[in-house]
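In this document, chain identifiers A, B, C and D correspond to the written order of the chains, with residue numbering beginning at 1 in each.
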Amino acid sequence: MSLMAVLALVVPAAIYAAAPLMLTALGGLFSERSGVINIGLEGLMVVGAFSAIVTTLTLEAAGVGAASTWIGLLAAVVIGALFSLIHGLASIHFRADQVVSGVAINLLAVGLCVFLIKLMYGKGQTDYISNRFYRFDVPVLSDIPVIGPLFFSSTYITSFMAIALAVIVYFVIYFTPFGLRIRSVGEHPQAADTMGINVTRMRYIGVMLSGAFGALGGAALAVTVTGNFSGTTIAGQGFMALAALIFGKWHPLGAMGAALFFGFAQALSITGAQIPMLSSVPSVFLLIAPYVLTILALAGFVGRSEGPKALGSAYLKGSR
Amino acid sequence: MSYVIEMNGIRKEFPGIVANDNITLQVKKGEIHALLGENGAGKSTLMNVLFGLYQPEKGEIKVRGEKVNITDPNAANRLGIGMVHQHFMLVEKFNVTENIILGSEPTKGGKINLKKAAKEVAEISKKYGLAVDPYAKVEDISVGMQQRAEILKTLYRGADILIFDEPTAVLTPQEIKELMGIMKTLVAEGKSIIMITHKLKEIKAICDRCTVIRRGVGIGTVDVADTDTQQLANMMVGREVNFKVDKTRSNPKETVLNVSDLTVKDSRGIEMVKSLSLNIRAGEIVGLAGVEGNGQSELIEAITGLKKIQSGTIELNGKKLNGLSPRKVTEAGVGHIPEDRHKLGLVLDFTVGENIALQTYYKKPLSKFFMMSYKAVYEKAEELIKDYDVRTPSAYTPARALSGGNQQKAIIAREVDRSPDLLIAAQPTRGLDVGAIETIHQRLVKERDKGRAVLLMSLELDEVLNVSDRIAVIYDGEIVDIVNAHETNEQQLGLLMAGGKAKAGETE
Amino acid sequence: MSRGRIFNIAIPLIAILLGMLVGGIIMLVSGYDPISGYSALFNGILSEPFYIGETVRAMTPLILSGLAVAFAYRAGLLNIGVEGQVLVGWLAAVYVGIVVEAPMIIHLPLAILAGAAAGALWAFVPGLLKAKFHVNEVIVCIMMNYVGYHVVNSIIRAYLIVPGERTDNIQPTASLQSAFLESITDYSRIHYGIIVAILACIFMWFLLWKTSLGYELRSVGFNQHASRYAGMSVGRNVMITMIISGSFAGLAGAMQGLGMYGYMTILTGFTNIGFDGIAVALLGANSSIGIFLSAFLFGGLKSGASTMQSQAGVPVELIDIVIALIIFFVASSYIIRWALLRIQKKKEGNQ
Amino acid sequence: ACGSGDDNSSGGGEAGEGESTEPSEFKVGMVTDVGGIDDKSFNQSAWEGLQAFGEEQGLEENTNFSYLQSGSLDEFEPNLRQLVRDNYDLSWGIGFLMEDAIRTVATQNEDAQLAIVDTVVNDADGNPIPNIANITFKEHEGSFLVGVIAGLRSETDKVGFVGGVEGELIKKFENGFKAGVKSVNPDAEIEVQYVADFNDPTKAQQIANTMYSNGTDIIYHSAGDSGNGVFTEAINRARNGENIWVIGVDRDQYAEGEYGTDESVTLTSMVKRTDQAVQIVSEDTMNGNFPGGEILEFGLDDSAIDIAESEQNLTDEDLSAVEDYKGQITAGEIEVPKTDEEYETFLETVE
């Protein structure tokens, strides 16, 4: 295979594998930038995948057709935001250890969603939705030499959504009053408070946005790749998204880059098994390559990655 | 008589403590009103009530004659009340302008209009003589500039009643002077100021009236012109206070610390200490005077092994300290009362006892063969708590629960008790009340008299002048001059600290 | 003072009750009978020797993975890599159990230590990177989980595979299994690993509260700057912490390999022992005794869940929900404490 | 209603004792793998078998026949034991992963009658265990047939195999398939890749993506849930007009491949009738013919292994070739390879 052929295989695959991670990492970014650790991203993805699939199936059964999937995504966003309120309530109002609360979210999400699936369908997994998202070639753009096949061919709409959202989030976080406020709340909540910013409200917004984005990430995975929901639809992607967030130093574009890096490393390791040059490499090396590369990158050039200053601590009025 | 602020019968409780009990505070328009009291007297609490951070249990507040209910800082802002907090309320990662506009950002098409804001900030800062760089990141600027940013925050919001909570505790003499100028300008513009401070001289210098609080209770309000510092101090503490540090002439012996040609870089790679040389002998206190940021901190960190040195040597009793780890330096006989007691000096979540063991936990009798004897730890702690008068419910209380002064006393107890040949005290009285300061100064002199070498780093000229035997003035990483404390005065030191060695000579 | 102590006991109990209560409501709403559901659950935890044995069996690795998480947490590190450390510990213990020929008195400790050592090695990577390059340990731990998973599987496949997608059985001399314990518990899979787990609890308590190393680790966990000022090497402490934490995790794996199974299978997914360890540790407030009790709760609920499924027809997922709720309520103990204080005040006021 | 038409199955087993039980008193239960009774795979199929059996005999669900779902590997043994303790006449373990659990339970309860699907359980000395019936399938034979179809239908002469986790069982699928392809199309290239996970459709999708991009036009998957990803990829491509196919596994997977109106990328599926086997053996047991200690190998000859009924995408030529080879295999003229070595030997006979 020529290099171009390999890239044409790997790059689009990297982009679509990265999309759910990107979306979820952006969610984590909102929460953590506001000062609330979110280890519950995995659970939020579960809730998103669940909501999207169940909504889509229900609407399809009601004859809604292709719009079902889009409404399913919307439902995921809303339900995800609501579900994340549990984490918000625990870590903002009840002063819970945010790591603990996040772990509880993960357990609760899988338990509850599978339990509900069993109640609703009498079995542990749903049927397949009929209106999945499929890959497409972007008209015109996909014909551009080199760039076309790499970035605009066989892409999912969710990939474009994710990248566009990353850019939007970047703008929101760094250039708008809302972004300035959410960052101030995560860095120095007392200061924000004295400036008349409602710390509690900002944190709830941060957490709910993480629910919305995390759920969208899970939903994106479900409607593109798996097409149905079961307890194993989300298997570790939430943790990878968390890793992407930290790897990307809590920066929207950084998180996007990290997610793409993960996607690329994984796609390469899979495709690698079929590249003549690499196919003689024992498969375990290819399997662990994405993770080892990440570690090496961190140790080598990414280095220290420090989160928002007030990350993880409940805000008590008047504390110093 | 009309008051801009009237706080009547304010009561504020915290779990287990009444921080403010029936306090009355009346501020006239256009005055600088001092609020005086020992550590923990309840000054900050009272001001936080005024600023809307706390809700009082009892009492009423009138602003410009009207009864108001200040529910949150926003409400205070709307009433034109601004506060410069004791611990700065600045987001370090933001630049000055971002900090100032936070919460009321000007926008253009949904985007923050930083340019416009910066221009506005520049205008205000020019008007009141508050020099700041609107685009500088807070983590990169001096404490003085940070404070100016804090003041700008309130002015930007149009405050005309300003609260300053211990504004001078962190400033250099020059900066204090500047601040006083600024405050006068502000009052001249018709603004009113409430200022919390422990420094009686400052009250005398610029305040019109002074309200004194003791243990949460209002003692009274006096016209500053009609009183002197001694009276103020007595009112505050409730007894006679002795300002002058009692000490005899020093009797220095052999050289203990010998620093020569020392160069140290900071984390950004800039040389903060440049070929510096300094000697300290047994039985003397050498004061290190200088404006903050001239290499004091780096010098001390280098001596104590916390910072790598670039070149030069540091010798203690003739033995090299260069390149030794902090543990080895400590063991060689250096005691260190660090500048930042919360960051370096204490493990706030440890008990007082555990904190007292911090330098010696690994040695007999506190531990044997890697086994800790907490019995020995707490026995030792009880002893030191008694000897050094650390006010704490018990040795098992977390250090976090102690007041700043008592935290400092615990650190001093720990460092002094090891009988180090060299005792380094960096800003040992920062933010403490006169009572606590008195004790600490006496302790330093006592150590000198026992034959220890003491290095006292302080930004307070008074302190340096009163406590030291010799004063080394540091400027831009170099010692510009060393003078005898009894042969110099504030003016001379001030000039030296500004880097003017030659000029200092001229004025003599 | 005594009020504090009463609260420390009351709050987890209230949290457990609240969790069960909400779980009961969920059962009721979804058409199950909460009373028969819960009675089946409790039957499945302690009603017969067999169930007691199974509960103990289930709690054994959870104690150890809980200790692993807690130990790191004490020193300010979030070891989310316990899962991977469990896997490598399991494999190493089984490997030594199969390959080495020695009398039990040597073989068994050797196999257990091999598990601990492998876990330690795996945890050392994030420890080292944190100490030397300031790399965030959470992310390296997550990566090491996946690396461990794939490496373990491929080692088994390449060198140790026997029919049944697993390794051979370990030799009896390396086994923690106990015919005696099994016989008194009606053939449950209880094994001597529980003793190892209890010893590990004592070890952690001892290390943290009786040794100077423990003092240092706690100090570093609370305040790195002050620790450095006091002459401690922060980096060294971070590495030691991760090594010890990883050893606990490796032991958890060894318990599976030497006690419960006697071999290791090719994995088809994570065991979740490590992830559950996070919950166990935090529910147990990172203390030895707390971890023991919360591992009991977890182990009991998990082993009782299948009885609940078989006898009352309630899906096992309900137990996951209940566990999550309990964790949630414990984490939110502030609000429970607040409510208790209110109630107490009212009572005092009425008197 | 015997017809477990395999030479091994004649004569009642030693443990069966020939006692037949009244249908209303007969109790049969199964323990599922973590997949549960709706995994669209062997657990589901086995449960369908029990349900069919129950319906035929007029038995009641939950009293006469029921299942227990395992939440993790740890739960196989207690679940099986639960059935035995509840006096089930026959307890099924579904899946080779239950080998050790069933061995232990069977040895401890000599009166119990157990059966396992997909593997053969022997005691430590390699002898059959008298109270376990072993049900296996000749998946390689079915895979051979779909291999024949793939060999005939590939236009690029490149076909692919995507496996879940590499191991003895899945190797049977792989080698049977490869042998089938080579039998009709000796020049065909066969790309083989394992996902290393039965549960990672994302990864499987990328594997399929690479294979199709490299010119493969037919992929046979045996990858459990991961197989989903293969279908996803194929549908994506088929919608763009590419002429590519997937061959399903275990059940008729025509529906999984559906897209647009009435089109499916599923060329055919290799069907394994676990349900039939379960039904037959349950019935035998009820009638007092428990085949304990025996190995029942279901294959093409008793239609427990076959290609799927959905034949929309097959040509007459395909079907006749299948019939032809089916005849040769059942007649013993072709010995379908199961392992890599057998495949190597097989290749020599083809060339």
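Criterion: contacts are C-beta pairs under 8 Å (C-beta built on N, C-alpha and C of every residue); 3 or more make two chains touch, one makes a residue touch a chain.
The model shown is predicted, which means the values in this text are computed figures rather than measured ones.
*Asks:* Looking at CA centres, what chain is most distant from chain A?
*Replies:* Most remote chain from chain A, centroid-wise, comes out as B.
*Asks:* In whole angstrom, what separates the CA-based centres of chain A and chain D?
*Replies:* 36
*Asks:* How many angstrom lie between the CA centroids of chain B and chain D, rounded to a whole number?
*Replies:* Roughly 77 Å, centre to centre.
*Asks:* Roughly how far is chain A from chain C, going centre to centre by Cα mean, in whole Å?
*Replies:* Roughly 28 Å separates the two chain centres.
*Asks:* Return the residues of chain C touching two or more other chains; collapse runs of consecutive numbers into ranges.
*Replies:* Expected reply: 150, 153, 269.
*Asks:* Counting only residues that touch at least 2 other chains, which ones in chain D make the list?
*Replies:* 69, 196, 199
*Asks:* Among the residues of chain A, which are close enough to touch at least two other chains?
*Replies:* In chain A, the residues touching two or more other chains are 232, 235, 283, 287.
*Asks:* Strictly by the criterion at the top, what is the full list of touching chain pairs?
*Replies:* A-B, A-C, A-D, B-C, C-D
*Asks:* Once bound in the complex, which stretches of chain A touch chain D?
*Replies:* Listed in rising order, the residues are 1, 5, 8-9, 13, 17, 123-125, 128, 130, 132, 134-135, 137, 154, 221, 224-228, 230, 232, 235, 266-267, 270-271, 273-274, 283, 287.
*Asks:* Flag every residue of chain D that touches chain A in the complex, lowest number first.
*Replies:* Chain D residues touching chain A: 35-40, 69, 191, 193-194, 196, 199-203, 205-207, 209-211, 213-214, 225, 228-229, 232, 235-236, 239-240, 255-256, 258.
*Asks:* Looking at the complex, which residues from chain C come into contact with chain A?
*Replies:* Result: residues 26, 30-31, 78, 80, 125, 129, 133-136, 138-140, 142-144, 146-147, 150-151, 153-154, 269-270, 275, 278-279, 282-283, 315, 317-321, 323-325, 327-328, 330-335 of chain C touch chain A.
*Asks:* Chain B touches which residues of chain A in the complex?
*Replies:* By the definition above, chain A touches chain B via 171, 175-177, 180-181, 183-184, 187-188, 190-197, 309, 317-318, 320.
*Asks:* Tell me, which parts of chain B touch chain A in their complex?
*Replies:* Counting only chain B, the residues touching chain A are 48, 51, 53-54, 72-74, 77, 83, 85, 87, 89-94, 98-99, 101-105, 107, 110-112, 153.
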